[in-house]
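The structure follows.
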Amino acid sequence: MNKIRVAVLGASGYTAVELIEILLRHPHASVVAATSRQDETKTLADHHPRLRGRITLQCQGFSVGSLVDQNIETVFSCLPHGASASAVAQVLQAGMRVIDLSADYRLKSHQDQELWYGEPHHDAVNLKHAVYGLPELESHQLAGARLVANPGCYPQSVILAMAPLIAHGMIDPQSIVADCKSGVSGAGRTPKLTTLFPECNESVSAYQVGSHRHTPEMEQALNGLSDSQCRILFIPHLVPMDRGILATVVATPYEVPTNEKLYELFASYYSSKPFVRIVPTLPGTKQTSHTNFVDIHPIVARGRIVVVACLDNLIRGASGVAVQNFNLMHGLEETLGLLP
Amino acid sequence: MNKIRVAVLGASGYTAVELIEILLRHPHASVVAATSRQDETKTLADHHPRLRGRITLQCQGFSVGSLVDQNIETVFSCLPHGASASAVAQVLQAGMRVIDLSADYRLKSHQDQELWYGEPHHDAVNLKHAVYGLPELESHQLAGARLVANPGCYPQSVILAMAPLIAHGMIDPQSIVADCKSGVSGAGRTPKLTTLFPECNESVSAYQVGSHRHTPEMEQALNGLSDSQCRILFIPHLVPMDRGILATVVATPYEVPTNEKLYELFASYYSSKPFVRIVPTLPGTKQTSHTNFVDIHPIVARGRIVVVACLDNLIRGASGVAVQNFNLMHGLEETLGLLP
Amino acid sequence: MNKIRVAVLGASGYTAVELIEILLRHPHASVVAATSRQDETKTLADHHPRLRGRITLQCQGFSVGSLVDQNIETVFSCLPHGASASAVAQVLQAGMRVIDLSADYRLKSHQDQELWYGEPHHDAVNLKHAVYGLPELESHQLAGARLVANPGCYPQSVILAMAPLIAHGMIDPQSIVADCKSGVSGAGRTPKLTTLFPECNESVSAYQVGSHRHTPEMEQALNGLSDSQCRILFIPHLVPMDRGILATVVATPYEVPTNEKLYELFASYYSSKPFVRIVPTLPGTKQTSHTNFVDIHPIVARGRIVVVACLDNLIRGASGVAVQNFNLMHGLEETLGLLP
Amino acid sequence: MNKIRVAVLGASGYTAVELIEILLRHPHASVVAATSRQDETKTLADHHPRLRGRITLQCQGFSVGSLVDQNIETVFSCLPHGASASAVAQVLQAGMRVIDLSADYRLKSHQDQELWYGEPHHDAVNLKHAVYGLPELESHQLAGARLVANPGCYPQSVILAMAPLIAHGMIDPQSIVADCKSGVSGAGRTPKLTTLFPECNESVSAYQVGSHRHTPEMEQALNGLSDSQCRILFIPHLVPMDRGILATVVATPYEVPTNEKLYELFASYYSSKPFVRIVPTLPGTKQTSHTNFVDIHPIVARGRIVVVACLDNLIRGASGVAVQNFNLMHGLEETLGLLP
């Protein structure tokens, strides 16, 4: 099989370098172009010294024509919200397939979009055909997809923690409280005061309590699993570490199960999913770092169900799941490039 | 005024060194004895190099007779659970006053004690007279106390976050979920695998979900503020930092207040308390580190009340509040040694 | 004694908040003004949430007239290089005394200034009268000083490590290699890529090898102790921690001493200095954090002398020594505000 | 090609888990046995939760007979010093090949052994045939080796930094000062006070100044490149990060080269080595983390040569180079399992 020629848009950030490292290990993909809005004369290795000697690509400015000339088949967009939709629309128009790591094509509801983003969708036309790329829930639709909306890091942790319970109608869908803790790389690579080392080291803080834009993404995915309407109180926190998300999700069960039955339910629900591990003890984010795994431990506590889920926000939360989606889009083995 | 002669039991740990540093700044206290179960030939500076040149005390083994001979008036016990009660009983018997930083005298209910600790109280006799030393709630009783049960680090963060709401009957007392994040010093100074640097650095994890022994302490204190029975789902987490606790406490209000009214309620409730700051933005633990402050920010989010509280687990969570209690026991200014 | 009225210029940075915290504890100083180039409508607590409730000062733009109107007697400048000299000249002109925490008045030699900074001194007039404020070496001149050049963080660690050896003519002054490791707060509070959390966490790196501007400051101070000409190879490193500097300084002795004699030499040299501790074991920066101490351990190893020195870069390296200088300038006890 | 059946001795530590992860990606190796001195009933995933679902091996106690029965061809020993030689001797006797990650077979000189370890070699018989496995220097001998002494993490960083200079006779071999900074995982997984999170977080310290046992290993390897006798002053430091070593090595050149010539010398010396990168800017350890690369930047500064080298102490410093050696022993491509 020939290697699929791919391009990475927005190559200077943290998700891009992780993506490129995975693709370098991928037997059926070849990174032949990388764009960067700034410093276009830099090589990938200038942006990311860890890539030196492994890929010699020069960054280029974004140009659809150039991508066409280079026979790109699939584009990964690591561009920020808004900027991504604008590039993606052009790329789709030119016949390439796209995995969009931004939030631009995740929300289907125009109402949610207006409510949480305060503006209409940037590209309502392509939105209709976008497939939400959480492979554990959507694997069938991914096969033929031309545009995949790669899921958010926080949403994946919360959705996968709650999916078995919602699908089986076991919890009050209005009762969900998701207290999530993220490493600092989740805030991106643009220098700002809040992510300066001496600001966030030796400190934990909550932010955007109940108002974070990942909330409707969680609710949309979970609502798709049953008739019920979820209302999630999502509380993100910044934790002094590079990478990792731990989601501690609490819900009120209609009937309190035993720990054994609860565990069995989760194990069974994800039995065929290579990247979801139901683990027998409370997990730490470190056990998933630099992997595409989501580790989940459900437990009954004081009449509630508590599900603790963790993942690497850069791999499973972004670039790893993007490659998982890439594999499924192209009819490849789901684990290629991600597991030996 | 003569300096009050104090002793520190269990001087080799993290709370002890913080306590000694505060007492060195205290105008009316003098540390004249320090005990350590092991390495009794060591000086305090051998255990804690930061004390070198500031105090020359040699550690001694625990002996009530020796404390009497040294004319100790007040004893701070930094001994672990169980060991503390045994020493405290002797010290009280000999006429000294005690501030116990362990959990030994916190729970009043024998039922709770049996349920959460699996054994009866170690010293039921003195337990009756012990005053729970959360000064913002108990300042009157502290004045004459001979035995103060210094409050736990986690409990203080949760109790102070919920007290105004419980006292005013604003929330369903059965709805409280307390997701707390602590720095690693909270786990003590005894080497164990779970607190080794490469185990907990770059990782976040939950532990003892719903089963942590600090739970009944929280419930007892809050139940003391009203007729209602609290049930708290307390979920502690370990975060890769030295010190600090952030409590994110969620409760269901009977009636959803405005943010302004909620803020005003908290500001008013704690208006006369020098160490509680109701802050206008979401706090990070770092802004309280190395201080005795508790910073609290209450907010309404998606129909719930979320209160974020933070403190330094070693100072406000242990040694700072111990000195605050010491001041109140002795009729001194509450802030001595803790604020300029 | 009336409190001395002081102002802090450049109040939004890391050294300023540490300075203000120390001054709040100082019995004879009162912070009555604070300037900030940006966000002049902010309070100090807006810039530094840890100050909330402890000082209510509003930041103001810099204006000498305003400082005069407020009867300021002494100004601490935390402004950056260049900007500081410009403000300091005006402040001195108006009759106030100054402690300048920038590098602007440290180098006496115009040749060094040109060589290392590539430009002449900003204020050669006042430079002549500036006293280099390393109190362990210069305590006499400080008494009457109207302008003190507060020493650099790195230079203090290296100068104090080498001073006894140079003063006694024990080492080849051309042989000094100073490998220094600093926490990230040393790089200031302005957001930049290199000090973003995910860039410097989990990483150590060297920078400005042999070309750092603190080099001539070290050489000037050591040359002042003897006839010899020092040449120091200074290699600074960035380490993933908030605060602290560890200097590992290697020099070739003319004659190799015993460890005992070496230790005794250091202990004797600093015997009357309250903030220098010659410690019996290799120190870690943490044992000096949040203090004004410099901990030094000299040792003979493989024919060389190795001196390990550490200090808190924000306290001893900047704001603590500034207050030490303030005390000496005003004829106060050297340790006021810094030790109980 | 059939997979080579390998066993890992001492599987509970940090190097073992890294080794197993690499071997899981290796196309020609299969981990079929793992031993652990304690908790022999545990699975690998119990020791290392990140391995869950990826390998199902149960740990076993060490028994040569059992390894023979399982048709092991090559054994990796991650056992500690002393314990390793004892197991290795038995394994070799039974005809298996060995890569020993301990220090047991590194020092050839009995004099050095006695001097630095205070005792004779544990297995002088096999020592004679042991090949020191630093592939960039010894690739020819590795081809037929039956026992490879895997090199130390610190030594590799210093040897590779100095090899081109020593080989070309450019520096005074008695002038080398190696100031090295290591992450905490280098200290192993056995709980001890010095590697507890709150002890080493927010702190840097030097240890074993001039007396660390890795010193003679460095000198032996460099002496093998020329006639000269090196004397290295090696000063290791502990830095608050999980992994990574940065070596800042200073030497006095006989004649000071230009930076360009120096860089060219290094680039040329390592031009055929896939895992050594001569990089154009000062490297940070992070750019090599989780890789088998050694990044080196040589520079002239104040009349000295300074070489900064960095590597991942667990991968390149131990398990990665072990697999590199494994590949070379077995006539496989050097980069298998380590680069795509």
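Order as written gives the chain letters A, B, C and D; numbering starts at 1 within each chain.
FYI, a residue touches a chain if its C-beta (ideal position, glycine included) is under 8 Å from a C-beta of that chain, and two chains touch if they have at least 3 such contacts.
Note that the structure is a prediction, hence the values are computed from the model and not measured.
Participant: So if I look at the partners of chain A and the partners of chain B, which chains show up in both lists?
Facilitator: C, D
Participant: Looking at chain pairs C-D and A-C, which one is connected by more C-beta pairs in contact?
Facilitator: C-D
Participant: Return the distance between the CA-based centres of chain B and chain C, expressed in whole Å.
Facilitator: Whole-Å distance between the two chain centres: 36.
Participant: In whole angstrom, how far does the Cα centroid of chain A sit from the Cα centroid of chain C?
Facilitator: Centre-to-centre distance between chain A and chain C: 46 Å.
Participant: Between chain C and chain D, what's the gap in Å when you average each chain's C-alpha atoms?
Facilitator: 40
Participant: List, in ascending order, every residue of chain B touching at least 2 other chains.
Facilitator: Residues 183, 199-202, 240-243, 283-284, 286-287, 289 of chain B each touch two or more of the other chains.
Participant: Could you pull out which chain D residues touch chain C in their complex?
Facilitator: 177, 179, 181, 183, 199-207, 209-211, 231-233, 235, 237-244, 246, 248, 250, 282-287, 289, 299, 301-304, 306, 308, 310
Participant: Could you pull out which chain A residues touch chain D in their complex?
Facilitator: Touch residues, chain A against chain D: 24-25, 48-50, 52-54, 202, 277, 279, 281, 283-284, 286-291, 293, 295, 339-340.
Participant: Could you pull out which chain B residues touch chain D in their complex?
Facilitator: It is residues 14, 183-185, 189, 191-193, 195-202, 240-243 of chain B that touch chain D.
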